[in-house]
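Alright, structures below, take your time with them.
In the two complexes below, chain A is the common chain; its partner is chain B in one and chain C in the other.
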Partner chain A sequence: MLDQLINGLVVGNLYALTAVGITQIYGVAGVINFAHGSIYMVGAFVGWMAVTWFGLPLLPTLAVVLLASALLGLAVERVAIRPFGGSGRTVLLLSTIAAGLILEQAAQLIWGPETKAFHSPFADVRFRVGGGSIGTLDLLILAVGLSTALVLWLFLKRSRLGWAVRATAQDREAALQMGVDVNQVSRLSFAMAGALAGVSGLLVGLYYHSVYHTMGFSASLKGFTAALLGGLGNIPGAILGAYLLGTAEALGVAWLGSSWRDLIGIALLIGVLLFRPGGLFAAARQLLPEPTAGTFIPIGRPLQIPRWALLAAAAAAVTLPLVVRNGYWLQVLATAWIFGLLAVSLNLITGTAGQISLGHAGFLAMGAYASAILTSRLQVPFLLALLLSPVIAAAIGVLICYPALRLRGQYLAVATIGLGQGIALVALNWPALTRGPLGISNIAPPSLFGYEITSAAGFYWLTLALLIGGIWVAERLSGSYLGRALRAVREDEVAARAYGVGLERYKSIAFGASAFIAAFAGVLLAHSYTYIAPDTFTHALSLQVLTMVVLGGLDSTIGVVAGALALITIPESARFLAEYRFLVYGVLLLLMLRFRPRGLLSAAS
Partner chain B sequence: MSLRGALRARVLLAGVLTIAVVMAGCTSKASTPPGTEGAAGAQTTASQDGVLIGVMGPLTGDSAEYGKIWRRGFDLALEEINAAGGVQGRPLSYVFEDTQTDPKQTPAVAQKFVANEKIVAVIGDFSSPASMAASPIYQRAGLVQLGITNSHPDFTKAGDYIWSNSGSQEDDAPFLATLAVEDLGKKRLAVLHMNTDWGQTSADLFIGKAESLGAEIVLREAYLLTEKDFRPVLTKARDANPDALILISYYNDGALIAQQIDDVGLDVTVVAIGSVYSPQFINLGGEAVEGVYTSTRFHPADPRPEAQEFVRKYRERYGVEPNNFAAVAYDGMKILAAVLNDVGVDRKALRDGLEKAENLQTVMYGTTSFGEDRRLRNPQYLRLVVRNGAFEIWKP
Partner chain C sequence: MSVLSVRNLTKRFGGLDAVKSVSLAVGAGETVSIIGPNGAGKTTLFQLITGAERPDGGEVYLEGERIDGLPAHAIAARGIARTFQNGRVYGNLTVLENVLLGAHARLQAEFGRPARPLGGVLGAIREVIAAVARPSRLRRMEAALVEEAREILSLFGDRLLPRLHQPAYSLSYANRRRTELARALALRPKILLLDEPTAGMNPTETEEMTDVIKQLQARGHAILLIEHKLDLVSAVSHRVVALEAGQVLVEGTPEAVWSDPRLVEAYVGRSAGQSRGHAAGDAAAGTPAKASGGAAGKAPGDAAGDVLGEAAVPGALVPLSRRATVH
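Right, the complex of A and B next:
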């Protein structure tokens, strides 16, 4: 028990390093920086080069990493933050994701995809504590974590520049009027957070003796969780949150097993946020961490597309397989229609109701698993499974999302990351129902009225039919009283409540309706792949769907389908770029966000 | 304002769509293999020039490392094949489509390969979800899909066009149990396994065999693919008081576990499954992996000439020692080439040829043939131990 506590503190130490940087950026820029993990990774690589290639000792290595990652932090601020100043936080969220993707892909091209061994430039002495041990590196990490937190705290509370930083965080316009150079402040904070991210990457790389190009993602996820536990923007809170997360995970692993680690972190986060929506150490008056009106999501006026054009487009889509015989493009388009349906469903949550969801793969997984289990275990015919699975997914979806719906804005966003991953983890850890990691294989292809649909064209028509049905339902919902109530929640929660619109009730309806439509996409996916496993439903998939919705134009059903079409066909079209494909994808994403922040099919409001 | 805005939006939209269309145009040209101009050309020239294998696998994303290693194995195999006259006198080559081993991308790639008449067989994908999402398309089209890393027990069950030369868990795991229980005399085993289809099946098979040999399993723990901090689970293992720790791991996580064993005061023999047999394991693990036992189907010191030749050529060309992923890629390409050379360049003939082929020369299996489950028979094993920073052959 004591040993497990120590194990938890040791790993909490590592989480604290990232959590402090994330929470600091949030305190200043008001945005969760998804590129933080990528700077962390580059910092680790820079340190690895310094030690392995140039044989530098620890202190000069630290200096090099500090400098390089501070510069990188500045670069991220210049490219992914400043140009998007006026475009709202969803766009900032996506622009940092794009910047992170670009860095990660570039790192893979520069340093190669294989894990690099990183042996520390100094001897590690270990001290026995109980049955386990603590090494010098653990102590160094502790010292770096605590001292940077202290320096940051002193800087923010005591120095004039620190006051400027805090003033900018509280009210950018007011700070500007008081003569604070807010751009300078923003640069400064990103440089500091970048330096901190780089050093944490270096130390964690040394700790695990390895660096690799995808190391940033899971580290930043733990960092987000710890920062949220402590309350975003609260530096001591982030450190305590990190230790709490580390110990909870270690004890959970001892009790339930190692596969439960991430699920324990997610449960802890949601449990805490349920009772203290601003984090453990937030004062009561900080309960509203986000502005609730207008500024959060930029909504453009949907571009009016004439009815005849839509009908013509639909007719063209329906007749396409009669003209195009190429199975490859029909398959790509069928995938685009499935993701279009998924984007339409997410649009109800994000576009209409204004809530960010980064866990949409979870709803997809529920639909897919429900249908796979119904048809292959219980011999239910496809058509019945197609109708039953969405009902099951919507019911479970509302049940598990309900506790999270008290959260707002970016808190909800991070909680949904957890929920989305949580659903996949439940599928992994419940072998009796889902066959666990083995997944469900040999799922029958879709069959309607005795005909099996196996050709690319048949599958294309099936997906298109469901997509058109989904669009019709979503449009009807959107135009009804429900749609107006959801928009009222999006625009101003306080005003909506004053008019008698129950927030949690309407948000649940949005999540339920969304899960219902997403589950249709899940059913199609399961019967098209014929094999599903927990790792089919990744976090990357959730991110991609959100990108489709934002790019296509929030609250524009046709727009998000166009977004899905673009994001499925562009990477396919870019195959000739080979290894550079996703680097180019990241750059394109950033450019589109820059020049069309309100979506492809949406006019400026 | 709104009218102008709308107009601007349309112009921009048109711009983006144009780019997309242009890019699409570029691809269809770029992806057509050299020597053919469009689909009509493919039919007339197919019988005269090169023979093509389609490869789908990860070149970007989390598993990009393995795709790159595959490519080395393929390139080495092709050099030899083409130096020896190719396939019935025609040069053999491959197209590698990056799928990031993502099941969303493989069905489309499968359709692309199926439609390309120059492609006679497909290798890949890396992960089970990605590979198995494409299998029904290959099966229906009658195009052989050879999975080189697909040890999922259901992979080859998708149909008679789905084959695999991957190491089968049904052989690997029980052999490891014999090594731990009979050769090393261990009786109290703690098993850590990766929580994937491969890890779970291997652990089941290992435990079945170990128990039948009279050993006791004092702990069985699954861990997530993304796990980095093994101290809690190793503390749990220590408290179960085992006399050996069994790792069903890849080399990256295997090395990480080995490094943390000492931190929690666990001091037992470590026996790891053959996937750790890679220079990376020693490179990453350093001191900590000294004394780890494992098994493999080939080793640089293995006297079989085909293994000797493979290791020598690989070392010469790339400057590093090959690992299992390079060997299966090399074997996969060689098997397809050998059978195609015998039966002729035809999709259906290739499938029948794989079934009938005898005396296939491979690095991993020696001289072998496919069994009824469409996997290779007759595995041969060497026992290894890590000593002085190298894998050494160990004899009980």
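Right, the complex of A and C next:
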């Protein structure tokens, strides 16, 4: 018990180091920095290099990590924040996601995809304390955490620059008028937050004896959770929130087992978003104003594609397998059609209704798992599973998203990450239904009317048929009065409500229809891979689909299919690109947001 | 029976009474104007009536049915349409789409009526099915609505009709306000709430808008109007309600209200009642001399183009008793 508490406090300290930076950046720049976890990861790798390659002792390592990650924080500000000064916060959110993705992929290319063992540069001696024990590393972490908190407090309360930071966080405009250089404050905050994140990454690497390039994602989720628990922008709150999260997780793990750690974190994240979005220490439940209306979709019109061109393209796609006999390419294209279907579904939420969803892999997972369970465990015929799974996914999807739909902008975005991740974690922790981490294997190939589809061409046609069906449904929906209502929600929530468009109802319709279409893609994915596991449906997959939508053009059904086609086939046709695929996604996303925010095919505004 | 009746409506923001026990009624075909200085609680009153904010006390009735506490979209569906002070159109939607959206509540009632047992869920599913399947009933209704939208837009002559398919962000400011009003009319409201429909418009445009409002009156619309331009208020109002510090100060016909000493007092200063000359002089200290001129003698209605509560109305019409900034 005491051991668990000590463990909770130590881990809480680690969370606090990330949460403080997230909350400070939110206070100063008004944006949740999604690249934060990546800086943390790079910090861990820099520390690992310093110790393992150069044999540096602890203190110089700390100094190197501090410096490197502060510089990285500055770089993120320069690349993902400053060029987007005039854009809305949602664009900033996406640009920091892109920056994080770029860092993560660059790390994979530099240091390799495998987990690195991280041996501590000093001996870990454990001392007995009452009924538990505490090690030198624990003490180091506690010391770093507490001294950081103290230095930060002194800086903010006592130094002029600290005043400037606090003034900017309170009221950016007023601070500007009082002569505070808010851009300098912003840069300083990114450098400080980066440094703390890097140190946190280093300590976590030491604590778990390992570093790997995807470690940043879960760290940033923990950081968001702690920062939200404390109330975004509230630094002491973030520290308390981090201790709370660390302790709750440690106790939960002792009680339920270690695979529950992340699920407990997610539950806290969703819980605080739903019931106390202003944080545990805010006076009452309040939704912070998040003016995103009309700022997300930049002004302009997507390019109109003539009908004959679409029909010609569809005809070409249908007849392609008669010409192309290469099974590999048909497979690649079938994958492109599956992702096209996913992009079409995400476009309903993000393009038409203007809501950010970063957990789209969750809907895909529900469709895939539903069909896999129905066909391989309950012996339901494929066709029936194909029709039932989307209904199940839409029903569960709306049910779990509904409470979050009154959140707006960045808060909704964080909630959707949590929900998407939560779905994967439920799959992981419910072995009776999903076989847990083992996943479901030997999923039968699709069969229709007693005819089993095993050929590449057959599967190609099946995916294409469902894609065309998905496009048709999405276009009908988007061209009807419902589409108009969804766009009204996107453009101005207040004015939409004042004209009879109930926000919860129509956002639910967008999420439900999207989950329905995405689940078809999930079914296809399950039966084409023949094996699915919780880690098939990663956060990176959600970002991949989002990139396709932004590339193809928000609110353009045909455009996002083109985006999916391009992002799947181009890395395949140029093999040297395949390795850099996700790096390319990140760079593309950033460039698109900067230069063509309405998509590649949009008419210039 | 009144179309809209408001009883003892109250809203507090922190320690400030933004709207304090306000009662008013609008009868069928009647136009009632709300005037008052900035911060008097005019827009807050609109927010409360339309459900954008929840009142802390009091009641609102629409044709006898109690509607306070309902969510904004439900109140809109019952027949209250409002325009916004700063003109909120959907920028990336075309003029036609903006106006058609005004008819959304009717479409929802037709194709997404909540079936009893599961409430909204079945209704929402029905709506999605209707949108995808597009039964002929839906197509006919949409076509009829497009005709209706054109007819509404013809109210503004050729200001908007040639721009039917232009996105709203490309419109001039005055045209956005017109689009907003057209959208409100497409709701077929029982009562129209217009929040400063001519704010930021030049005199010609203001005159045009005055004519439009008169046409709406001729068609029998009940209107609740917030306006600072007193000539417009005089020209269209059956009754005027003057708000000050969240409370009804004076109410009556325009003529009666203009000549009511309490109004002048509220704008010019506490002592105005006793020694007007002095008070006006005091009030005008630091304001343009022109403004101090007619405080006592001239009724506000005579001064065409005067803007109540903004600047140059008889006596510097900035309330001295209180300068809150509640919108």
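Please note the rule applied: the second predicted complex is superposed on the first by the 445 of 605 C-alpha atoms of A that agree within 3 Å, B and C clash if a C-alpha of one lies under 4 Å from a C-alpha of the other, contacts with A are read in each partner's own complex, and residues count from 1 in each chain.
Keep this in mind: a contact is a pair of C-beta atoms (placed from the backbone, for glycine too) under 8 Å apart; a residue touches a chain by one contact, two chains touch by 3 or more.
Every value quoted in this text rests on a predicted model; they were computed, and no experiment measured them.
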{"item": "Chain touching more of chain A, residue-wise (chain B, chain C)", "value": "B"}
{"item": "First, second, both or neither for A:322, with chain B first and chain C second", "value": "neither"}
{"item": "Chain B versus chain C as contact partner of A:123, first or second or both or neither", "value": "neither"}
{"item": "First (chain B), second (chain C), both or neither touched by A:477", "value": "second"}
{"item": "Contacts of A:579 with chain B and chain C, given as first, second, both or neither", "value": "first"}
{"item": "First (chain B), second (chain C), both or neither touched by A:378", "value": "neither"}
{"item": "Which superposed partner A:209 touches (first chain B, second chain C, both, neither)", "value": "first"}
{"item": "Touched partner set for A:513, first chain B, second chain C, both or neither", "value": "second"}
{"item": "Partner chain(s) touched by A:535 [first = chain B, second = chain C, both, neither]", "value": "first"}
{"item": "Doubly contacted chain A residues - partners chain C and chain B", "value": "301"}
{"item": "Chain B residues within the chain A interface of the complex", "value": "2, 5-6, 9-10, 12-13, 16, 20, 23-24, 26-27, 30-31, 59-62, 64-65, 67-69, 97-98, 100, 103-105, 107-112, 114-115, 127-129, 132-133, 135-137, 140, 152-154, 157-158, 192, 195-197, 199-201, 221-233, 235-236, 238, 252, 255-256, 259, 262-265, 280, 283-286"}
{"item": "Of chain C, residues touching chain A in the complex", "value": "50, 52, 71-74, 76-77, 81-82, 84, 88-93, 97, 100-102, 104-105, 107-108, 120, 124, 127-128, 130-132, 134, 138, 142, 167, 169, 183, 187"}
{"item": "Touching residues (chain side chain A, partner chain C) in the complex", "value": "294, 297, 299-301, 473, 476-477, 480-485, 487-488, 490-492, 494-503, 505, 508-509, 512-513"}
{"item": "Chain B-facing residues of chain A, complex", "value": "3-4, 7-8, 10-11, 14, 105, 108, 112-115, 117, 119, 126, 128, 131-133, 135, 208-210, 212, 214, 218, 249-251, 253-254, 257-259, 261-262, 301, 303-304, 326-328, 330-332, 335, 339, 428, 436-439, 441-442, 445, 454, 456, 528-533, 535-536, 541, 566, 569-576, 578-579, 581-582, 592, 595-596, 600-604"}
